[in-house]
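In this document, chain identifiers A, B, C, D and E correspond to the written order of the chains, with residue numbering beginning at 1 in each.
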Amino acid sequence: MGDPATVGAARAALADRVIRVNVIRKTFGASVVLDRVVFDINPGETVAILGPSGIGKSTLLRIVAGIDTAYEGEVERPAALAIVFQEPTLLPWRSALRNLTLVHPGLSDDDARAMLGKVGLGDKAGLFPRQLSLGQQRRLALARAFAGAPELLIMDEPFTSLDPATAEAMLSLTERLIAEVRPATLFVTHARSEADRLADRILELRGAPATLAPHLIRNGASS
Amino acid sequence: MGDPATVGAARAALADRVIRVNVIRKTFGASVVLDRVVFDINPGETVAILGPSGIGKSTLLRIVAGIDTAYEGEVERPAALAIVFQEPTLLPWRSALRNLTLVHPGLSDDDARAMLGKVGLGDKAGLFPRQLSLGQQRRLALARAFAGAPELLIMDEPFTSLDPATAEAMLSLTERLIAEVRPATLFVTHARSEADRLADRILELRGAPATLAPHLIRNGASS
Amino acid sequence: MTDKRTVTALSLFGLLLLWFAAAALTADPQILPSPAALVQPFLREAASGELPYHLSQTLIRVAWAFCLAMALGIALGLLMGRSERVDRWLDPWLVVFLNLPALVLIVLCYLWIGLNEVAAIVAVTLNKVPNVATVVREGARALDPQLDAMARVYRMGRLTRLVHVTLPQLAPFIAASARSGVAVIWKIVLVVEFLGRSSGVGFKIHMFFQLFDVAMVLVYALSFIAVMLAVEWAILQPWERRVRRWRTA
Amino acid sequence: MTDKRTVTALSLFGLLLLWFAAAALTADPQILPSPAALVQPFLREAASGELPYHLSQTLIRVAWAFCLAMALGIALGLLMGRSERVDRWLDPWLVVFLNLPALVLIVLCYLWIGLNEVAAIVAVTLNKVPNVATVVREGARALDPQLDAMARVYRMGRLTRLVHVTLPQLAPFIAASARSGVAVIWKIVLVVEFLGRSSGVGFKIHMFFQLFDVAMVLVYALSFIAVMLAVEWAILQPWERRVRRWRTA
Amino acid sequence: PLVRAAVLQIGTVNWELSTIIDNGLDEKHGFRLEMQPYADNGATRVAVEGDEADMAVADWIWVARQRAAGKDYVYIPYSKAVGALLVPGDSTAQSLRDLAGGKVGIAGGPLDKSWLILRAYAQRLHEMDLEAETEQVFGAPPLIFKTGLSGELDGAINFWHFLAKMKAGGMRELVNVDTAAVELGLDPDLPLLGYYFKQSFLDAHPGLAQAFYDASREAKALLASEDAAWEALRPQMNAANDAEFEALRTDWLAGTPTPGSVDTASADAFLKVMNDLGGAELVGEATTLPEGLFVELE
């Protein structure tokens, strides 16, 4: 995790760059999924994306993360990314602990254990992902994203499959992390309450093909 | 789906049997996960299970469904089951439509299309599961469960990863199905509201190893 | 599509060029004749009916042995991969038969069954079955238990499960063992033919090798390879593309 | 553990019984000698040092060819499975080399490189590489794109990705091609040895086959099989169990 | 009766057998001959053993070994052609001694009869252990043929028809096995190669052995006297040129053994030498000449 002060200083020097998303069109075969989805994310800003199931939220995140490159338009993004996929996407043949340390070679075993503790998996370090419940797997995926010091944090419905108490714990953890590392954050959620609590700005995808809703809903509470 | 009246008559003759769950102990290696989880489900009754992430809800459902047989105790269950796993668990190499008709050989293509329409996938019949969004895959899994006429319906967090409007649609659909086919239903949820709305009875798993909470929370609203 | 064909054609052309170069470097037509030197003998053999006859004999044997070995091998591999118990019992046998020299099996088959077509095909099949079983067993061990649970809970029929749940997961393994299978089978057929048949490409190749007529050896070997390329393009690859469609869609 | 060993022992014992029965039925020790008749010749060959010598020669060749073929085959298969472009270019070559008769490759190697050890090992390796590549290519095509995306986004190092993301997914394919690989390699080594080496099990087997001495053929063949069984139990199966642990946990 | 002969498709025996069939010599002697071509020696043996053929060609040591092991094989002579050791045309070697430290290619394997006789000869004449003092490369006949011509070997022992081609290709004979045999006190007229039948087959057809032998002798006589007979064989002889054709023809005719039964005494002597050199590996249980190996012929 690193000392917040140092990380903050490094960040200031390195990455006070705006993340520009400029997706002109994204199609799958004949069907157009995204149409002119254009927005910026400022450094340290948290942006939530809302929208009905199947509209194209995950598709948009994959484009922003650079996984999907078959689209019209371009995206400017930093190199240090972290991502929480909609499904856990762990290495099933490596233990929970190794799933953290392999992805972050700089992370010591002790730090990794501490991180597992924070997401409530302190006693599961040696288990394989298949031996974890789905909620535990999702928390492991969260821990993996938080263990680096990303400049851009992308999360696809990070807090589903969790009971209210655990969800609340994960939300606070995320808030703390964002406050410490100050990454630019882009996340998808279906829960308006989560968006209100975490996001500086809320974008909504609408229509077919999906576009950003004409009036961007702004979160009055923060910034 | 079948005509509700006929199905109801057949059901009365065939399966007015109580489903008895009597799990004395379930262990994974050294760790005991379930301890004396004993309850019945009456024909046509809907039971919700609540509990924190990782407590053993999915494990319990797998035992009830007969997937996991390595436990102490026994379960009496009918033969005609339907299940919605916590993850979609579709056949990735078959189209959405075929995912329904292969599992239910009696289902005509037209009925299957109608069923897809009900879960909002009317125009996705020909797509492979990988071409669907996660929410769409989950709805396909729901459609698969609803397409039979199960005597016991088991669902593991069926309504997550859905936006509020879609979730509401799926909830009503489930209510309608339960009213029509009157299966015994056992489902896991993290949302108290879902439980209150659908369930005749709510069970809560607590502690380590997990047991049923001493006082069963009963849903005053129904039955 | 046309683009793909161009690449394939270019690639084969490159191979031909390499061969021309190698032949020029070797500079001894008895060791490696240039491709041009094969045209004449090829046409002669084709016109005389020798080549088509022996090639068809070999192809019939290969086809029989292939179908038998794949069917038995897949069944055995699936059984062993799915059941730890069966595997424990049959595994030593598999290792023994896998490593039994082709020669031994072939000679025993000929002596027991007689020097006839049945013995030849049985010998090849027995040689190949352990191979297919080994590969498919690995596939069966890697089957997804979740899908299996789903199929069982929904009481899908045996055949439906096999065709729509199990085999699609095994497809890469089956494709692998089919492709390398044809190759291995044809190599064993060569041995079978030279050990006890009076027809077939293997018989001719061995004979021409005894005569040290490398050109004719190559004519026969390449004719078979040409057939295999045709099978690859006309059957195997289109089938694979269809089966793999869901991955790339 | 002990239970497993018992089953294996019983299973091998069953095979032995079957052999006894077959030998009794054949009733011609020149066609199929009974196992008991092999003990004497085996001890004689072992004591004279002949068997250990030729066996070790063959094992060295098999080991070399195996390592080379697996390394090259995995690299090639991975490359072809992951890149459609590379695949399109190399696929025709793969089919050609896959189906080139062992005899042709072996003879060409001997003639080019000389009648020596290097030629023998190169010949076997060239024969086997296409086989491994074919199997591993199927594995590479079935790799999970999601895990790949994850590894790329998190900028995992090349080596880490290979070892911890790619190879574990290829494990069943590598195990399959390793196991059937040793078998194929050893069969080719047999041919290589009888065509142009003066030592090795293949050399002896062919010699005894010329003399029609089935008992000695079996002594040599089974000695190699015994080594393979040992390798299977001492190396391959423990390795597989370790690699497969996550599936069964 | 029908006699099915399992032969190598390219074997030199076929020259005799084709001549028999083409000239109706089989019908003339009261049987019908049919050739079944195979690609490998082993295949012809499997064919006889599996009762798919009634006879094949082998050297009598091999037949003796099988007979001693309990097979009821019997032997009818065909040819006394033996091998020789060739050296490259530009080799300076004058005797086997000069091969010390060199590389010798041998087509028939370590139990090749020519090789064994030459070893005994080297021992007798030069007190030289040929096996210890040279490096042997055993390989398929065509490979020995080709590597020999390429000059990679210091000496080569091959089957006689390859030797003929190698000589035509410029290699030179260093020692002839015939010479070596005489030196060792062996009978050079012993027909090493012959046809073998199952005794039971001959018993079922009395007189067939003699009839077949007569046909064989007549074919040899025909080939010795008439060029036209050779012209008929030329397509299957695979002679690249006239020189090779002539060499093959001369060497083949030189292999004609003296008529009549095999001399058991000299055969026994020969077998003893083989037993000394090759041991059980070569002769198996046939440490002495098995009873009834050679068919009585006149």
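Following the convention adopted for this analysis, contacts are C-beta pairs under 8 Å (C-beta built on N, C-alpha and C of every residue); 3 or more make two chains touch, one makes a residue touch a chain.
Because the structure is a prediction, the values reported are computed rather than measured.
Chemist: Top contact pair of chains, counted by C-beta pairs?
Modeler: Looking at every pair of chains, the most contacts join C-D.
Chemist: Based on mean C-alpha positions, I'd like to know which chain lies farthest from chain A.
Modeler: Most distant chain from chain A: E.
Chemist: Let me have the rounded angstrom distance from the C-alpha centre of chain A over to the C-alpha centre of chain D, please.
Modeler: Once rounded, the distance between the two centres reads 47 Å.
Chemist: Just how far, in Å, is the C-alpha centre of chain E from the one of chain D?
Modeler: Going by mean C-alpha positions, chain D sits 38 Å from chain E.
Chemist: In whole angstrom, how far does the Cα centroid of chain A sit from the Cα centroid of chain E?
Modeler: The separation of the two C-alpha centroids amounts to 83 Å.
Chemist: Which chain A residues reach two or more other chains?
Modeler: Touching at least two other chains: 87, 131.
Chemist: For chain D, what residues touch not just one other chain but two or more?
Modeler: Each of 31, 107, 111, 206, 209, 247 in chain D touches at least two other chains.
Chemist: Among the residues of chain E, pick out those that touch two or more other chains and give their numbers.
Modeler: 42, 49, 140, 142, 146
Chemist: For this entry, which pairs of chains touch?
Modeler: A-B, A-D, B-C, C-D, C-E, D-E
Chemist: Inside the complex, what are the residues of chain C that reach chain D?
Modeler: 4, 7-8, 10-12, 15, 26, 31-32, 88-93, 95-96, 98-104, 107-108, 111-112, 130-131, 134-135, 137-139, 141-142, 172-173, 175-177, 179-180, 182-184, 186-187, 190, 202, 205-206, 209, 214, 217-218, 221, 224-225, 228-229, 232, 244, 247
Chemist: Of all residues in chain E, which touch chain C in the complex?
Modeler: 8-10, 36-40, 42-43, 46-47, 49-52, 140-142, 145-146, 238
Chemist: Applying the document's contact rule, which stretches of chain D touch chain E when the two form their complex?
Modeler: Of all residues in chain D, those touching chain E are 29-31, 107, 110-111, 114-115, 194-198, 203, 206-207, 209-213.
Chemist: Could you list, by residue number, the parts of chain B that touch chain A in their complex?
Modeler: 28, 50-54, 57-58, 86-87, 120, 131-136, 139, 157, 160-167, 190, 192
Chemist: Name, in rising order, each residue of chain A that touches chain D in their complex.
Modeler: 62, 65-67, 79, 81-83, 85, 87, 89, 91-94, 98, 102-105, 127-128, 130-131, 144, 148
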